[in-house]
C-alpha cells in the first residue's frame, strides 16, 4: 500500500475512534477547540507531502515549540546550554517542582516546563524579549518555508493569567540562580513561544531539518550540525512526552515531541517529518489519537528507529 | 576504514585512556577485577565478528542479564508482565526506593533493580528457583550458541551477603503485594542471574536476536517476535543506563544495557550486536570507557538510530 | 466534680460513641478484637487509681512499647543513642521509607517504626535477643509493679509473617550501616516488644516514672534522671502520634504515645499517668475514642501542659 | 538564686560564648547586624520584668511575627482557618516546596513560610493590604502596651527584591487555589509583617497573652480564648522552630517561635513570657545563643512544661 493511502486510512480510522481523550481545559482558548478534529501531515525526505484530515488547520502547538526554542538557543550559546539544563528523562509529572528542589534548580531536560523556561531565559541573554520572539518566529517560518505562522496572543494572554505553576517553577529556579531575568519577563517569552499557531502541514515542514541531518531541504543549508540534529532527536525520544516518553518509545519508536494542544511532531530520521493533531489528551497529557495514529503509521511503514535497517 | 580497523583502533585508544572511572567495590569479587581491562566485540548482521582487547575474557555481566531475563519472562507470561512493571525511565538513582512508595510498589521499568526483581519473581511463577536459573542459562547459551557460559557462585554469594538494599526493595514490593514469593527466594534467583559470567564475544553473540528482529541467526528461529524485539530495544534506549539513560542516548544513540561489572550490550538494529567491557564506572554507575568506546564506534560508523537512513 | 466521676463519665460517653474508627486489620489477632471495647485508667501522683470500662483487660500495646524500649536503651548506652536516631517529628506516614533515603538511614525519631527498630538493634548491642526481651519484660513489670504482663506470641508470630514493610525498613537501614545485626534478628526483638500485652491499669502504672520526674513511686528509685524523663515526655509530645502528633498536641496537650492496638499512654507531669484503650483507629492510625477521651479529660481537669500553672 | 540574677548570669555567659552561629546574610539589612549582640527579657506573670544585655535594642523579628499574624487571623475567621493550613510539624526544611506538591497546596502548619503566607492571604480576605498591616501593628502595639513598634521598610524592601523562593511558594499555592490574592500582593503583606522591628522587652510584653491564658494583663481583656491560647502554644512547641522543633522541645521544653533575625519568643504558661535575641543562627536556622540561653534559663528555673508540677 502506498503512503498516501496509509495516511488517508489512518485519518479515516481516527475520525471514527470512540476514545478520543480529553482536551486541555486549563485555559479557555484550548478548552474551546472541537475534540473531533484530527489532522496528519507526512513529508518525505524528497519533499513529497501527504495530508489528511484537518492537516491545514492551525492549532496551538504549545510544548512542541520547545524543540524549536532549544534549537535556536543551542545555536546562540552552544553546548554551554547544558550547564543549566540536564539531559535525563524526568520520571515524574511534567510540571513537578520536586526534582528542582533535590537538584538545586537545574531542570532535568529542556522539554519539561522548567527546562523550557530556562531555555527561554537563555534566549533572553542574547535578545530583548520582543526580539527573542521575533527570532523564534523567523526561525520557524524559515524552517517551514512559510510565512503564515503566527503567535496567538489570546492563548499567550490566557496562559499569563493562569500560569501560576509556571510562575512557581520560574521563581524557584530564580531563587537557585538558574534564571537570570525577572520570572515574569522570561515567562512572557515562554508563554508567547507556546502560543505558536501552526497547521500539521506547517509543523511537519518545520521539522524537516531534524529528519534530514540538520539540513533545511529547501535551502540546502545547515540549520544545525548533523550531530546536533541526532542529539535533539535523542532528547525527543527519551524526554519528548513528559512522563509518557517511555511508553511512546515503546509503542511508536520515533523521536517525538507532544504539546498540550494535542499536536505531536515525530521524526523518522532520513525518511520523513510527521505532524499529527487531535485535541483530546491521554492520562499523561499527550494526544490520545495522535499517539494511536503514529503507532499505526509506524506499524504499516516499518519506520521505527528500532526496526532493523 | 574497515570495521575491524575501527574496532582495533578504539581498543588501542582505550588502552591508553587516563580516566578509567572506578570499578564497583561493594563486593570483593568485583573490587578484585583489574581496572585496566578493556574488551570489545562487534558482530555484524552477517555474522562477521570483530574482537579487540580482552574480548574473550569472562566478566560478571550483572544488570546486562536483565535483558535476557526480561525476554524469558515475556516469553513465559506475555504482556501480562506490564501489569507489574512500568515502562518509563526512572528519573532517579538506580536503587531508589522512593518511587516505589509513591507508585505503590510498581517499579518504573524492568531494568532498574526493583523492576528486575519483579521479573525474577514472575519467572518463579512458572519455574522452581533452580529451574528458573537453568532456563535462563539455557536461554543465554542458546542465544549465544555457546555452552561455556556459567553462573559465578562466588559473585552470587557475595551479593547475597551484602544485598540489603535489594532486600529492602524486595520486601517493600512484597508489602505492596507486587512480589509473590519470599523475598529471599526471589533474590536468590536475582543474584544468581546477575552473576552470569560471559565474555564480550559471548555477550555480543547472545544479543544478536535483538539486532535481527527477534531471530536467532544461527537457528533462524524467532526468539521473540519482531515487535517485541523493537520494544525491548526501545526500553534499552530509554531505561538501559539507570539515571544516565538520557546521556547515553544523547552521546551514543543506540539501545544499550549496562552492568555494574563494567559491561555494556548495545544494539544497532539490523546492523550489529556489540559488547564492550571495562570495569571502571562513571558517576552514574555505567562503564566509563565502555561508553566512550561506543560513542567513538557510532561516530565512525554512523550507526546511531538517530542517523538518517 | 471529682476525678473518679470525670473518668466514669467519659467512659460512659465513649460507650455510646457512634464513630469508633476502624480497628487495625493487617494481622488476624488485632482484627479479631471487639471494636466496642473501651478502657481508661488514671493514676494520680499520690497513687490514687481511677479505672473505668475495660481498664483491666489486656490488649496489644504495640507502639506504646517504644517508650519503654527507648528508656531501656538510653539506660544501656546513654546519649550515644542519638547518633543513630533523630529527635524531630517525621512529617509523613509512620511507615514512610522516603525520609530514610534522603537522610541516609538515620530515622527521624525513636517513635516511628524505623527509629524503634534501631532502638531494638541498640539493645542487641548489649543483650542476646532472648535476653533483650527478658530485660524489657523485667523493666515493664518493675515499672508497673506487676508480674502479670506478658508477650503475646500469637501477635508476635503474626507480625513476623506479614511484616514486609518493616523488613524493608530494617534492610534499608542495614544497607546504610545503621543496623548492626541481621534484620530478621532485630525484627524478632522488635515484633516481640510490640506484642506486649497489658491492661490500661498496668500501662498507666508502668508510665508513672514519666509523670514523677523519672522516679518509680513504688520503690522511690530513679528509673531515669529527671532531665531524661522530661526529654522523653518532649519526644512523646512532638513525635508520639506519628503524623498526627501536632493534632494530638493541639487537641490534648499532653505527652502521649499511641499504638496500633488502640492504646495510648499519656503523661501529665507531676499529676498523673493515664492509659486509654479503644481498638478503632482514626485516619492517622491513632485510637479514635482514646484521643477523644483524653481531650475530654484534659478539658475537665485543666491538665494540659499548655495550661497556665 | 533570684530570677534577676539568673537572667544577668545567662547574659554574661552569652557575652563570652565562642560559638555564636552565623547571622542570616540573604538580605543586606540582616547581614549588617553585629553578631555580638545578645539581649534577653523575662516578664513574669505579675508583670515583673527582668532585662539583660541588649534587651532594649530593636531587631527584625521576622518569623516570630507569625504568632501574632496567626492570632489576628484566628480572630478574623476562627477555626475556618484550619481548612487552608495544617497543624502538623513539617519534617523538612522551612522553605521546602516538596510537601506542598504531595499535599495539594495545603501547607503543614502556620509557622512554616508557606503556612504564614496563607495566613497573610486570609487577612487579605478581611482587610485591604495597607489596612491589614495597620491591624497587625495595632494588635502588636496593644499586646505589648507600647507604641514604639514599627515596620522596617528597608527590610521589607530587601525581602521583596530577593524573595523568589517565597514567590515560588505563593505562586504554587495559588496554582492549587489555596491563595486567593495575587501572589505579589499577599507577599507584600507577608514581607512587611516579617519586617516588624521590636526589642526583646517589647516582644516579651507582646507575648504575655500567651502566658496568661489569652488575657492581656494590662487591660485584663481576652486577646484570645484560653483554649486558643493553649492551642497556639501547642503549635509553637511542635512547629515553632522549623525542622529544629523537636530539638527545641527536647532541650528547652517551652513553646517557642524563632525568627531568622535571631529572635525567639518563648512562653512558660502561667509563669512568664520570654524573649531572647542573638543574630547568629544554628544549622537549623534558629538563634544559636538564644536557644542556649533558654536552655539554661529552664534548667535553672524548672519552667519546662515537662517538669512535674
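Labels A, B, C and D are assigned to the chains in the order they are written; within every chain, residues are numbered from 1.
Rule of thumb we're sticking to: contacts are C-beta pairs under 8 Å (C-beta built on N, C-alpha and C of every residue); 3 or more make two chains touch, one makes a residue touch a chain.
The chain list, named the UniProt way, goes like this: A, B, C, D = Glutaminase.
Here the structure is a predicted model, which means the values were calculated and not measured.
In whole angstrom, the spacing between the mean C-alpha positions of subunit A and subunit C is 55. Each chain gets a centre from the mean of its Cα atoms; for subunit A and subunit D, those two points are 48 Å apart.
Averaged Cα coordinates give subunit A a centre that lies 32 Å from the centre of subunit B. Along subunit C, no residue makes contact with two or more other chains. If the chains shown are joined wherever they touch, the resulting network closes on itself as one ring, and no chain has more or fewer than two partners. A list of each chain pair in contact follows: A-B, A-D, B-C, C-D. Subunit B makes touch with subunit C in their complex at residues 96-98, 101, 164-165, 167-169, 171-172, 174-175, 183.
Interface residues of subunit D, counted against subunit C in their complex, comprise 45, 86-92, 99, 108-109, 211-213, 229-231, 233-235, 237-239, 243-247, 249-250, 253, 255, 269-271, 304-309.
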